[in-house]
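Two complexes are shown next, each including chain A; its partner changes from chain B in the first to chain C in the second.
What follows is the complex of A and B.
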């Protein structure tokens, strides 16, 4: 018995070492950093422990802007992308001809290079010396004036960011939801049909409860993923997100470490811990709410 | 509600890699199901009995033929308009709803003039729950019920909207042996009380024989024989029906009819007047043997199995199709079974002759 468990630990050792060095230790370190005041990166010294880093970050207008952007992004994209994905999945599972083709089409964004996607969005929205962008071209046909989506008003920029995010996260959700829909036992639908159940009632009383665990999984991971948004904003607005007013919390952390205002690991740590606290709270709320509405079946 | 099937045929397109030949699951069914009876559709798996059931409830549309409920032609009617109740093999109870909600589900679908008030719905649900004796479990979820209880809930859900006919797909196959006996009596009782025309599908001949008013024996999509269980058992139309019904199964021998007598391995065993001389397949029910000191049917004794009420005599006979055959005799006659040779008289009503090629019954 003793020998066996020793062997087990031995097998686990590489993973434990790796995770310990690169995940657990940094996590603890971030927590410690966030309380070390006046930490100097070069001399590795600090003046004392306290909550000054937090109060600085919480008063930094760039951080508040980033929090606002992130929250708006989360609140807009998570429900929209999940809802749209559900709609598309239901449509996909109720058609027969060309189903495979459509499934492939909807999944393509998932396997497409981010840079290529960014480029496409650039063509759609970016104003250059030669063109106002494809979307503006469309708008002009309807008599609407050109809008600068990349460097223009806040609402326009937020719109593009949300659209981009939704477009990027939907394929995965569609994939998961179509397989969840396919795994619902067909006899439930047969039974419902024989009992004369309307399509809406079938959807809300049978389909939705049956796939509710998958939906909750998608919503929770969707929230977490949206709170961690950063690369999408960079792809659209470039690296100087503070100047564009489109920074996210993760972007703020990154800027505090390496950006033009960089070199402040303590502030970055404090911001990261704050993000962690936010995500943890939201996830707990999600789980509490879902407990009432989700049905798990053996 | 009387149900009539006319030339009912269902073909499926072939999906095989080698042959694209279409599969005929139900082939030219003609059947009349009398009102208020319990009918067992019986056959080996793949014989098309579930397809027949799905045609009845409307989940499948027939390739040919018509279905009548009473005088109504329901062939082109969608399942929801046919007013049938269906109990699925896996019960198909909605796992996230309570027993009560499951039973109410079909009622809540009703619209317009058929819509009941909340109180009426509750009353109907409780009435039917009481009928199947699950009224104490109304707040449970299906996952918290035993297989037998789930079965009852499924029956209650099928009955609550007072369907014109009740259909059951392998209603007992998911239950253990003891529960199966109990539940089949229960199905019989519920059917008797509601007097609703009921069709159920099974591959278990004992199950079908024991509770059905009529059985319909199927093979490869074709009705082999329909009738009262005892009549079909006593008077099988062909070899398939004779072999499919009866447990222990019928014993088969190779025999010859020569000038009005049946010979098994050159020994005359039975008078068979009126049958032309030919080689025949002989089926003898296990209960068709009676011990007799000067019987014509002579065989080698293999072993004796004492069952209490009666005795199984396992014997060898050179004309037998199987290595050993089985006779069931009453326990009192056991004393004679000491020698290695046994002699039987055959009961004429338990001996069936079948044509060697067509396997049709000839005597």
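What follows is the complex of A and C.
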């Protein structure tokens, strides 16, 4: 028995080592860092324990800007992408010819490099001295003036960021929703058809309640994902996000840690923990709200 | 087609209009998805001069050139970024597989004291966001002098609790009788794992391999923290540095050629393993 026990632990040893060293220890450490005041990265010394790092971060205009950008991004992209994905998935599951082709095409953004394709978006939207860019060409057909979406007004920059974020997250949502729709028991539809129920009524009374657990799952993961937005913004606006005014909370964490304004793991830790607290709170609210409205079928 | 019979209320005409609208919506989104890819390929085959003389961008080109691809490989170390990424992806994925298979086997097949407790502990680690642990990892790697090394890049990227969970579930579906039969024949656990379990669970193994490879190929945050020497850049960092100081800001066509080169491997992989990747992502993907 003793030997057998040893064998189990032996098989788990690599996993325990990796997880312990790169996950459990850092997790504890990040809390410690966040309370160490005036931590110096070079000499690894600090002056005392306290909540100064938190109050510094909370008063930092760059952090507040990042929080604002992130919240706007979340509030705009999560409902829009989930709604659009639902619409597209319903459309997808109602057709047969070309269905596979559409599914394949729609999934493509999932397997592309966010940084690389973000560059294409930047070029489509950017206005330079040499060209107004493709999107401005489209706008001019409708008589709208050229806008610089990359270095221009805040609303324009936010628009591109939201658009690109939605473009990136759609494949996952469409995939999950399509398989949820396919798994709805056909007998419900057959029964409704016999009763002559209208399409709209079928959708709101059968389809939507049946897939509501999936929708909740997508909304929750969507919130979490959007709160962690970072590389999409880097792809569009470059690494100096503070200068562009388009930083996100995660971006703020990394900038504090590394880069031209970096070298402050304590501030980075405090900001990361604040982010984690925000995400946890929102997720709990989501779960509480959804419990009232979701139908779970066994 | 089932819906053909359903429009008693909407009538045949309403059904047709709905069908047209459905296809229009799908075609529209298809266009939105594909257009950036078209634009990147199109721009990459326009010559530098032609691109810069188009104040109003053209949607086609009559004189395609491959010069930009040559530039992408000669003016910036794209081949090195590429090789680095291939090595990083292969090594990380291989290590992840070894660690995951052993751990999943222990949880699924072996009995030892503290197993359930440890498993719950593992599961709770799934909730830890990467952003929280990356800070200490950065400090650790810096202190160990592992920045700008492959070990520094690879080691913190190996662990994936979720894949252990996924594989354990699959291992548990293998009937116990096989194990007892193997034991009677005197087969060792390791041999049983390699000769019996792995072949039986091949689809899951392939799924997690592909998902991990995609994740590695696209990873940006950790490589950016762990390297500042272009010798060790991966493609994501490479493209970012190309953008900021590569060909000179205006050589967009060469930049797009680099983007095509970077995007192509995963797209090819996807087209080959389409079913497997999509099934895998719907079981265990997290993006979005």
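Going forward, the second predicted complex is superposed on the first by the 286 of 298 C-alpha atoms of A that agree within 3 Å, B and C clash if a C-alpha of one lies under 4 Å from a C-alpha of the other, contacts with A are read in each partner's own complex, and residues count from 1 in each chain.
The definition used in the following text is that contacts are C-beta pairs under 8 Å (C-beta built on N, C-alpha and C of every residue); 3 or more make two chains touch, one makes a residue touch a chain.
What you see is a predicted model; the values in this text were computed from it and never measured.
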Dominant toucher of chain A (residue count), chain B or chain C:
C
If you stack the two complexes on chain A, which partner ends up touching A:105: first (chain B), second (chain C), both, or neither?
second
Applying the document's definition of touch, where does A:117 land relative to chain B and chain C: first, second, both, or neither?
second
Contacts of A:196 with chain B and chain C, given as first, second, both or neither
both
On the A-aligned overlay, A:204 touches which partner chain: chain B = first, chain C = second, or both, or neither?
neither
Name the residues of chain A shared by its contacts with chain B and its contacts with chain C.
193, 196, 198
For the complex, which residues does chain A have touching chain C?
4-9, 11-12, 14-15, 18-19, 21-27, 29-30, 33, 41, 81, 84, 87-88, 91-92, 94-96, 98, 102-117, 119-121, 123-124, 128, 130-134, 137, 167-173, 175-176, 179, 189, 193, 196, 198-199, 218, 221-222, 224-225, 228, 230-231, 234-235, 238-239, 250, 253-254, 257-258, 265, 268-269, 272-273, 275-276, 279
Taking the complex as given, what residues does chain A use to touch chain B?
185, 187-188, 190-198, 201, 205-206, 209-210, 295, 297-298
So, in the complex, the side of chain C touching chain A is made of residues 1-3, 5-10, 18-19, 22-23, 25-26, 29-30, 32-34, 36-37, 39-40, 43, 52, 54-57, 98-100, 102-103, 105-107, 110-113, 115, 118, 122, 125, 128-129, 131-140, 155-156, 158-159, 161, 164, 189, 214, 217-218, 220-221, 224-225, 235-236, 239-240, 243-244, 250, 252, 255-256, 259, 262-263, 266-267, 269-271, 274, 277-278, 281-282, 285-288
Provide the residue numbers of chain B that touch chain A in the complex, in ascending order.
57-59, 78-82, 84-86, 88, 90, 92, 94-97, 105-106, 108-110, 143, 157, 161
